[in-house]
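By written order: A, B, C and D. Residues from 1 in each chain.
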Amino acid sequence: MSHNNFARVKDFLLGLYDDEQRMVAAVKTLRAAGFAIYDVYTPYAVHSLDGAMGLKRSRLGIVTFIAGLTGLILSLTFQFWTNVIDWHVNIGGKPDNSTLAFIPVSFEITILFGALTTVAAFFVRSRLFPKKETLVLDPAITDDRFVIALQKVDGSFNEKKAHGLLVASGAVHIAEKSVIT
Amino acid sequence: MAKKLFIVAMSLSVLGYLGYQLVGAARNVGVNQGYEPDQPIAYSHKIHAGDNQIPCLYCHTGADKGRHAGIPSANICMNCHVKIKTESPEIKKIKEALEQNKPIEWVKVHRLPDFAYFNHSQHVNSGVICQDCHGPIQTMTRVRQENPLTMGWCINCHRAKGIATPPEHPDVSRDLSKDTKPIGGLDCAKCHY
Amino acid sequence: MKQNSEIFSPKSKDLNLARFFVGVGLVALLVLFFKDSHRAWGNVLINNFYFLSLALAGLLFMAIQYVANAGWWTVLRRIPESMMSFLPIAAGLMFTLFLGMHELYHWSQLYNSMDNSVVYDAVLQKKSAYLNIPFFMLRMGVFLGVWIFFSKLFRKASLEEDQGSQSHSKFLKYSAIFLPIFAVTFSLASVDWIKSLEPHWFSTIFGLYTFSGLFLHGIAFMTLAVVLLKERGYLSFVNENHLHDLGKLVFAFSTFWAYIWFCQYMLIWYSNIPEETVYYVTRTDPEWSWLFVLNLVMNWLVPFLILMPRSSKRKAMVLKRVCLLLLVGHWLDLYLMVMPSISHVTQVRWIGVEEILISLGYGGLFALILMRSLSAAPLTPQKAPFLS
Amino acid sequence: MLRPALIDGNVTLKELTDDINRPLNTKPGVAWTIGFLVALAALLLGVSLVAYQIKVGIGTWGLNKTIGWAFDITNFVFWVGIGHAGTLISAILLLFRQKWRTSINRSAEAMTIFAVMCAAIFPLIHMGRPWLAFWVFPYPNTRGSLWVNFRSPLLWDVFAISTYFTVSLVFWYIGMIPDLATVRDRATGKIKKTIYGFLSLGWDGSHRTWSRYEALCLILAGLATPLVVSVHTIVSMDFATSVIPGWHTTIFPPYFVVGAVFSGFAMVTTLLVITRKVMHLEKYITIGHLEAIAKVILVTGSIVGLAYMTELFTAWYSGNYYEQFAFKNRIVGPYGWTYAIMVFCNVITPQFLWFKKMRTTPALLFVLSIIVNIGMWFERFVIIMTSLSRDFLPSSWSLYKPTFVEVGTFIGTFGLFFTCFLLFVRVLPVVAMWEVKSLVGHHKEEDSHES
């Protein structure tokens, strides 16, 4: 969660929806009315939410590129070092530095580094780890409910207005929840 | 937070230590350097080869003729020991073995890696002396494996000694050596076939 | 989406430029014929094959998209359609090779001089059942005839669709029949026209290699055409997402080409069998090696690195430059397939002015036909099912 | 509509969750139990035979000096090939935005992982001293350091297969996290809740995470696609880098890749026809899915046929005596019958898929997929056996027959495969719920360019 809030307790106003379109429309309305969307909880990836919530594109690709490149360079140099410098052996008359023959292994290592590092970066960035205390606000999220979460930030939060907008946009249920972080 | 960090650091170091141990164990599979087993008879190379200067080939008769150097048979011992130190309890063991026609169960010390062909005579006849591989055997009361006897150890010696070029194929080898005898090689098939 | 029935009308500036190139190319070709007829025929073969495969790529692209039941490309369909309209002319040009058989194909000389045994080559004797001039020309006629036949079928169905007839299932049927036929004919054609330049050499992947080049530069050309048309104010509804799709295809097939290239080169290098390495021994000798490396750089390394980030696949300017590079790169690829094989008779070691001018001439001719065909029907297919 | 619906009927998200979760919370049926027992029996046979081989050594195989590898490498290539369809479905079809993959990618990926496990067994036993298998990794050792030979295709195999296995496993798991959360939220019983809770890593359906998650899936797909191609490319190079006629042919890499996809899709068909029936998933794995798979089989089968023809033509065209002999020997030599089986199963059989009736009848598809599986096994056997048994030197020609131990081990791998698969369908969501939900949830047609 990108919000940096040192408060120990977070209060949320939740709007539950049973339809993707209505929920996306509600997000747009709320944002237009000046509310910051804390997050939206959905059973599947809703593409149009990226735009509606104003999320930036993920930069995981950069991680992949750097990790892959590292793997490529490491494996090429390692193969060169072992086969040419450290302990060369004449096998089948192939030249010690058979760069062409080093390509398959280098390719695999590139992919391996890229994939594993990206996954690790994803876990770290999304703070997913075993036994994490989940912010599961409602088990129906993993079934068929879409939940818009608005954090009640002290002072500036107009609860009445938010409540009204959620109802007007077709929320099937509205709830409040406090989470200790 | 500090507690979490501590746990992470601890588990990482335990993992690191285990990994180090594991690689160490993996490295040394099949390596018996320093192996010095008890033998059925307390035979001393120091007394025979060192103090009394008996040539190696006097007992190990196969070393310059065949693949194996050979453990001397009991009658070779008795060539001398019918006269010398006949009352020693160790010599009595030999006598006993001879009388009962039972082989002495020597414990093999030097084992080469599996799937490698090694021939003593090739080496002995190329001027490799026994101590090159077996270490200062003439000083050992009990035989100890001095060298690792790994492939790397073999090859490094072959590299150091160089490859003699067969006169009929002057382009075969990379290194030239003054010795005209073919004393080595670096192909896999030299030992593995 | 609203029906868009804009008609392409080429600017006279573009037309004149193309005509000028045709003239210059023709002169250059004539000059080269007097200077070095082997090299001239080599150029004819390179450019014939280059533009023939460009035209074929249009046909193939359509067929593949139809079998895959894809819809995104429908707005661009006129471009591959127009590309394939060059097929009859390409076929005509291909037939001129008959006059240059002896200058290009070593085996054809052998075939003629079999009786007085000027050259005796046991391997080529074995192959003469396949590699002989009448059969060669017959195959050429069959291949080209079949391709032209299908291109006409597609075009006809496409124009009928504009008038409102239900062509989709027809397209599907033609494509399903065309694809296996294409696979066989094109692999044999590349054996005939290119591989048999070095008649002792053989490589099973060769047909696939020429195919990967064909498809790559076909897509590159389509992308380039889209960008150029957009620059001239057409295809306004083609947006970044269409470009992104094309960019992804260019990226993917550039890598595919490199993969096939690597498979062929590496396997021949690894096994090191003389009758196979001969092909690469010529091409990696110092005189050619710089082109050999450049080929890989132009057709794969540079496009790969440039097109890797998502953003560059969505920029018309980037795509335009990469596709131009690929189109030149593919020419170089063909040059490397043809010229080193006949180098022992021509002493050509360098891409000269003649090569460039002749290729520009061919390009001009291709552009003229393309523009004529593009202007013959509305730039967007009318009433295509995926557009509704 | 030109495009058929991706799932049958109007399913709500809730029904979908319930349908897919049901097998995880109910007692298995009779069909499953019988299948599991049969698979387990085969697995036990395999395990005992592997133990026997490790104890006695691979002298228990029918190999000889000429034919240094046969049944084992055939099975290895066969199983690795099977795996390819899973990655293809989940990665390549994701990149191409083929939405029909969503119902079947989970099970296909599972198939990949189990197939690669089966494949890895054979080279492992063939090492002779499997307890020293770690010698294939480049670690500093006392043999030199004699580093592993990076110029050997066999070592490339090690890297390719282990990378492939790792990345497939990670990809599979990543794709399952949201569904594991769904299962966690519905699990009854403390143990189940703990396990699924542990595995789902605290997934809460946050869209900020979803957004990154989708990017991750695309990246992994982008990496897995070249990876899957590279794996069978490298497997093909086990043969293609040698100089034996019939092995050294440059078309091998792409031809092996296509053949792998072909056999993999056949195995997907075999599994799905049964799974959808036994697990009552006809609503989600529709005839439309089967037809799409059948089309892939038709295309790849035809390409494989083209590759056979290319090989034959080029062998003749080469004018090379040894090449020509190798292919003549394939067709009319002592193993000619295997060639006939191969051509019949791989080239002729798929051509029936030109008929819509054939593509849309599960029973017929099932039979056809079995035939293709057999054919693809024989393809590997033909390539390996015909070339190896008659090489350049007629005095070393030899024939080979598998022993009971080899055949039993092969059956054992089928036991392993099906045991794993049957357990999988009981303990993990067999259809990617979140992906199918995204199709159900979008009311409007989502063909616009959105990714």
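Here is the rule we go by: contacts are C-beta pairs under 8 Å (C-beta built on N, C-alpha and C of every residue); 3 or more make two chains touch, one makes a residue touch a chain.
Note that the structure is predicted; figures quoted are calculated from it, not measured.
Counting only chains that touch, the fewest steps needed to get from chain A to chain C is 1. With centres computed as the average of Cα coordinates, no chain lies farther from chain B than C. The pair with more inter-chain C-beta contacts, choosing from C-D and A-D, is A-D. Centre to centre, using the average C-alpha position, chain C and chain D are separated by 35 Å. Distance from the chain A centre to the chain D centre is 30 Å, each centre being the mean of its Cα atoms.
Averaging C-alpha coordinates per chain places the centre of chain A 60 Å away from that of chain B. One simple way to say how far apart two chains are is to compare their mean CA positions; for chain B and chain C this gives 67 Å. In chain D, 144-146, 226, 233, 237 are the positions where the chain touches two or more neighbouring chains simultaneously. Of all residues in chain C, those that touch two or more other chains are 270. Looking at chain A, residues 57, 61, 87, 89, 91, 101 sit in touch with two or more other chains.
Chain pairs that touch one another, listed by label: A-B, A-C, A-D, B-D, C-D.
In the complex of the two chains, the chain B residues touching chain A come out as 152, 155, 186-188. Those residues of chain A that touch chain D in the complex are listed here as 1-2, 20-21, 39-50, 53, 55, 57-58, 60-61, 64, 68, 78-79, 82-83, 86-87, 89, 91-92, 94, 98, 101-102, 104-105, 107-109, 111-112, 114-116, 118-119, 122-123, 125-137, 139, 141-144, 147.
Within the complex formed with chain C, the residues of chain D that make contact are 2-3, 95, 226, 229, 233, 237, 240-243, 248-254, 302-303, 306, 309-311, 314, 317-320, 447-449.
Against chain D, the residues of chain C that register as touching in their complex are 69, 71-72, 122-124, 126-127, 130, 168, 180, 183-184, 187, 191, 200, 202-208, 239, 241-242, 244-245, 248, 255, 259-260, 263-264, 267-268, 270-271, 273, 275, 385-386. Within the complex formed with chain A, the chain D residues making contact are 12-14, 17, 138, 144-147, 149-153, 155-156, 159-160, 163, 166-167, 170-171, 174, 177-178, 181-182, 184-186, 197-199, 201-216, 219-220, 223-224, 226-227, 230, 233-234, 237, 434-435, 437-438, 441-444, 446, 450-451.
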